[in-house]
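Order of writing sets the labels: A, B, C and D. Residues in every chain begin at 1.
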Amino acid sequence: MKTPLRVGLIGYGFMGRAHSNAYAKVNHFFDLEHQVVLKAVCARDDAKVKDFAARWGYESTETDWRKLIAREDIDVIDIATPNNTHAEIALAAAKAGKMILCEKPLSMTGPEGKKMVAAVEKAGVANMVWYNYRRVPAVTLAKQLIDEGRLGRIFHYRAKFLQDWTINPELPQGGAGLWRLDVKSAGSGVTGDLLAHCIDTAVWLNGSIAGVSAMTETFVKERKHNLSGKVEKVGIDDACAFLARFQNGSLATFESTRYARGHKALYTFEINGENASISWDLHDLHRLQYFDHRDQGTTRGWRSIHVSDGDHPYMKNWWVPGLQIGYEHSFVHQVADFIRGVETGKPAGPTFRDALETQMVCDAVLKSGKSRKWEKVGK
Amino acid sequence: MKTPLRVGLIGYGFMGRAHSNAYAKVNHFFDLEHQVVLKAVCARDDAKVKDFAARWGYESTETDWRKLIAREDIDVIDIATPNNTHAEIALAAAKAGKMILCEKPLSMTGPEGKKMVAAVEKAGVANMVWYNYRRVPAVTLAKQLIDEGRLGRIFHYRAKFLQDWTINPELPQGGAGLWRLDVKSAGSGVTGDLLAHCIDTAVWLNGSIAGVSAMTETFVKERKHNLSGKVEKVGIDDACAFLARFQNGSLATFESTRYARGHKALYTFEINGENASISWDLHDLHRLQYFDHRDQGTTRGWRSIHVSDGDHPYMKNWWVPGLQIGYEHSFVHQVADFIRGVETGKPAGPTFRDALETQMVCDAVLKSGKSRKWEKVGK
Amino acid sequence: MKTPLRVGLIGYGFMGRAHSNAYAKVNHFFDLEHQVVLKAVCARDDAKVKDFAARWGYESTETDWRKLIAREDIDVIDIATPNNTHAEIALAAAKAGKMILCEKPLSMTGPEGKKMVAAVEKAGVANMVWYNYRRVPAVTLAKQLIDEGRLGRIFHYRAKFLQDWTINPELPQGGAGLWRLDVKSAGSGVTGDLLAHCIDTAVWLNGSIAGVSAMTETFVKERKHNLSGKVEKVGIDDACAFLARFQNGSLATFESTRYARGHKALYTFEINGENASISWDLHDLHRLQYFDHRDQGTTRGWRSIHVSDGDHPYMKNWWVPGLQIGYEHSFVHQVADFIRGVETGKPAGPTFRDALETQMVCDAVLKSGKSRKWEKVGK
Amino acid sequence: MKTPLRVGLIGYGFMGRAHSNAYAKVNHFFDLEHQVVLKAVCARDDAKVKDFAARWGYESTETDWRKLIAREDIDVIDIATPNNTHAEIALAAAKAGKMILCEKPLSMTGPEGKKMVAAVEKAGVANMVWYNYRRVPAVTLAKQLIDEGRLGRIFHYRAKFLQDWTINPELPQGGAGLWRLDVKSAGSGVTGDLLAHCIDTAVWLNGSIAGVSAMTETFVKERKHNLSGKVEKVGIDDACAFLARFQNGSLATFESTRYARGHKALYTFEINGENASISWDLHDLHRLQYFDHRDQGTTRGWRSIHVSDGDHPYMKNWWVPGLQIGYEHSFVHQVADFIRGVETGKPAGPTFRDALETQMVCDAVLKSGKSRKWEKVGK
């Protein structure tokens, strides 16, 4: 008989759905000692939260997250709300001794994130941040190859996250579905929303970033705000590019924008090492491109690895070789790994502490965008 | 309150899992009047079927499919067993007035399939065959483009389904996981297993096939049989290629093999029309390649359409533009459409009758492979 | 001081230009004992042939190919005229003891080709047919890999040559630039023009073809003829697909058409062997796709080899790694190899005898297209 | 009768060959009033320069470039020598009233380049710099599309030029074939050699660059010098990445390195405009990727344009649609355009003045690499 792991989810937006799907699927495909139980979902709108609960099979609902946290029958609090609420909820959940799964980015700022790290570490509760792309099988494979030393010394890292959804100046900001464009809810624009993903992966794959030189832009300066109904100044960064140095000496370029026609969610990275190189992109997430200089000379080429074989990360849990999984599966993998971490006592990353490092890089990037100087990444 | 649709699944292999996942997910993502209920799963091994039920949340189990069919609390029988059992189960289920979802291919032969069609049509029960690839969004989009007349007169159709998993002569045949290699269970090799998918899509997209000239091969003549423990003659076709004429006059080539190094499940098709062409492959299932000659001259090119936008088939039900779904989702779409068909009285295809046409083409292909002549497709 | 090799070219169409360019370039890039001399060019229109000679630097012109062949100062006769003239010219040139470079296909039919082979072999003159694609570096590399045994036993071969230039029914047939559409000049349509290339490569790479089953079509039945000015029946095959068996047991599909929207000159082949697979296409001619099953499991993938490195066939003669050459260079390579063959006494292929085999396959294909039966390839 | 255009080439290295090939071919494929005459080639080694002349058909040789410039029978001086010699030769050639074709980069520094611009403009001689990539047909097509306004307002520009040939620390610097690694001959490393190409194209396509923030690196600090025979400090930049702002407000990232495993000469750019986007890379130089948001919604996709059709830039001069040309042809196009500029009085770019702008950007990049600040591009 499996041990129940009772989840209390806060927020039912895009991420609330993604997390719920992961909870619903994980025990179908992964052998775990725990059985995830969709215990409760919480949001302010009672009718809507009840609809959500019915659709996904949550046993109960709440409209006040403090009540949710206070419940004895909840083991894990999942924070899937806008960025500006993460800290308060997390601090309370930690205090209540709940395990915490927090949507990324961890916090609005580095200092805020530090408090969150301190809280979960003091409370000794399992904690994780939903940087889900680490667990796309091709990305996990990239990590394995690097850890095996296949690339040798790494010279270059490049990452981009390109979207095109805010080119239209008539698009409003703020409110449901658009809080990511509102600086008060989001903290920053592409830096916290998209580059944070790129940075999390980069630090995981290539170690810490020492310093950055950044350039930010807000192409559309004013947009109607959906909450006030008025045209207001846009406070977020529409686009951000930065140069970086890793502590291992490698050079990097990072870029994100929501003004790249033709790209919906093109997260891509490439890493060049002395012996081998790797590249990947989210639009074709099953493929890892791999070049190995040690291959026989005339047959060297970029290998397009269809990461769908039984010995590829996570893939034996799904279908048969050649058949693809998608975006949502990265969340299922994360839940599976979180639970295994709880079961084995070896916490899976990214923990709050891991995610804090990404936050510190974001802070340095935003600072550099204003100072127009190289900025060191704080500790 | 939704109306329950109580499913009784027979078989818990690869397809049993794929169907169960579809049932478990469909109400999370699609707005339907029915709520799918995982009522019972049936298989001969009591312990294993109980494990399967526990994992997937089936309420009960059976070890005799006849008992399952006899149950009053079952609305739909899902046949996910080897090919040689489809007909008997389907005839009984139809007689019992159950809706039927049958795994492909419909039957061992055309004549057997005709009996099944007659049975479901006489019983007036909803019926469908799991040719799931029709509902990969990119394939559905191809159908829409053809139906809108974008291609104009169609000159050419090509399809392939390439695998590499039986190159090793030490691989046995027969029994769990390997019944597809055993002619007694499967009826044929790549023709019924893989080309049947290609034919279903082709007939759906381009109309009926008039005649074929085929070539079949069994590269490995003998394999150990897992049930007898003895080396036995291999009765299936390892590889099959055929020329075909559609009734609309277009020319076609079809090919399937399990001896194509480098391909795990490479189902691909290309269609050339007088105004536009389309191609697709299963290894990169989100991409539809589309060339339109009516584009301005110097900018004509094959468009790599990432079929992940909100106005693409089925995609508004999932995540946000640019984020991929996978193989399993085609089954979810099929369940959703099946249910909508039940709700609207407009049955979704492929029905047993639709699938019979594929069966008749398969029969002609296998006949031609032996006769070494062109063979007409029977009615 | 180099030995002159004095060329007399007959025909100044597309192929006349391609060959002239090869002669003009070969000594700039290849170290040979011979210096190619553009001695004379011959065609019926005196003004036009003089213009051509001036443009390309031919020293003299002729309007009667018999006179050209009679000249003492010509070493090599290059036949770049329509197919129906190859035999007569080649027989005369052989009789006159000239080396012969003949445009493909060798002849109108197999029997005609046999006479040509007999003539050059009796005369003992160096001879070659311009199946230029063998010498695209990526194709030559494919040959090397196969000869080294990298693929192991070959199971499958597929080739296509797809064009779209005759979809418009208003396009006339016959005369300058369009003789390929006129059965009297061309002998056949896509079979002799395009599939002949595919067959030449296939036989070179994978050995002889034993038998074929073909399907041919003429989508546009009548076209205006540019010579008669009248609408006439189209005698050539617009499209042709065939199944084939190689003598080594491998299965093949071949297809060509001029009705494939979106493809201008898409010659492509793929070969599946027990250990490795290869594919290539003419639209991206520098890339050879190579999959090797012996690569470490999790990093197996199709290698996209950019065949532009110094150790790739022919490439050290051109620029630096990464920089591409094009279509025309295959002709330069062929001239270089022809001359080396003359210098070393080891004739480079394809000789007339090699090309005859392709002719015999074409004959079998056209015969099968009519008989609708499998036909053996004649000797 | 055509007017002769008598070329005197200085230098016979990689670029000397590329230019010679262009001169040899241009009249075969382009209709011009001038006939290029390979009058003389000049280099210090008498035996080698005579060999070169014999191979390429130069009528005479010189070993002192001043003598070449003094000759009355030379119309055009082509400077294909190391960077540190461009200025002195160009100043002398201008003074002598010769037309000048100068290899890129124009000069060692901006101030040096200004003198060269002043000299040719004062002398009133035709002048051009060999930034050949502008005339790869796909790149020229990109220019046409931008000039037609297809992209609308441009938000983003990214360019990279990636190589991998200096990863081996045993590779020496300096002397024949390796002068590009010697700061005394080359002035800079990847900045002047590779980024200069990227900058030339970028300014041509997207206008002037206002400011930059750069990061440079020399991964291998010391290498044996081929001239001194001693291990010496490496003075060039191995790798360089920079952020940039165009004067039109668009954001850019540029990067070049010789430490990118798997890339031989991967020059690539991507441009995102409000209505459309474009991307291109040198490894597949015939393909322009083009995304147009105005395409009908469900069929939007990146078009892979095979720039080989008769209405594509320069292509009607070559073969037939679908057949590729290569790297060398960009030089042929440049010669053809240079001559047409002379014939029409409308000089083709990039002139020395155009190339000076690239030089000024390079200066700002190198300065920023040291200052670690944003630097404005000088006038």
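As a convention for this text, a contact is a pair of C-beta atoms (placed from the backbone, for glycine too) under 8 Å apart; a residue touches a chain by one contact, two chains touch by 3 or more.
Just so it is clear, the model here is predicted, and its values are computed rather than measured.
Identification of common neighbours of chain A and chain C yields B, D.
A count of C-beta contacts for the chain pairs B-D and C-D puts C-D on top. With centres defined as mean CA coordinates, chain C is found 42 Å away from chain B. For this pair, chain C with chain D, the centres built from the Cα atoms lie 36 Å apart. One simple way to say how far apart two chains are is to compare their mean CA positions; for chain B and chain D this gives 55 Å. In chain D, the residues that touch at least two other chains are 263, 302, 306, 309. Contacts from chain B toward chain A in the complex involve residues 14, 18, 20-21, 24-25, 27-28, 55-56, 163, 165, 263-266, 282-287, 306, 308-309, 318-329.
On chain B, the positions that touch chain D within their shared complex are 141, 144-145, 150, 288-290, 292, 295, 297-306, 309, 311-312.
On the chain C side of its complex with chain B, the touching residues are 155-156, 158, 162, 164, 167, 213-215, 217, 219, 239, 241-243, 245, 251, 253, 255, 257, 259-263, 272-277, 291, 293, 302, 372-374.
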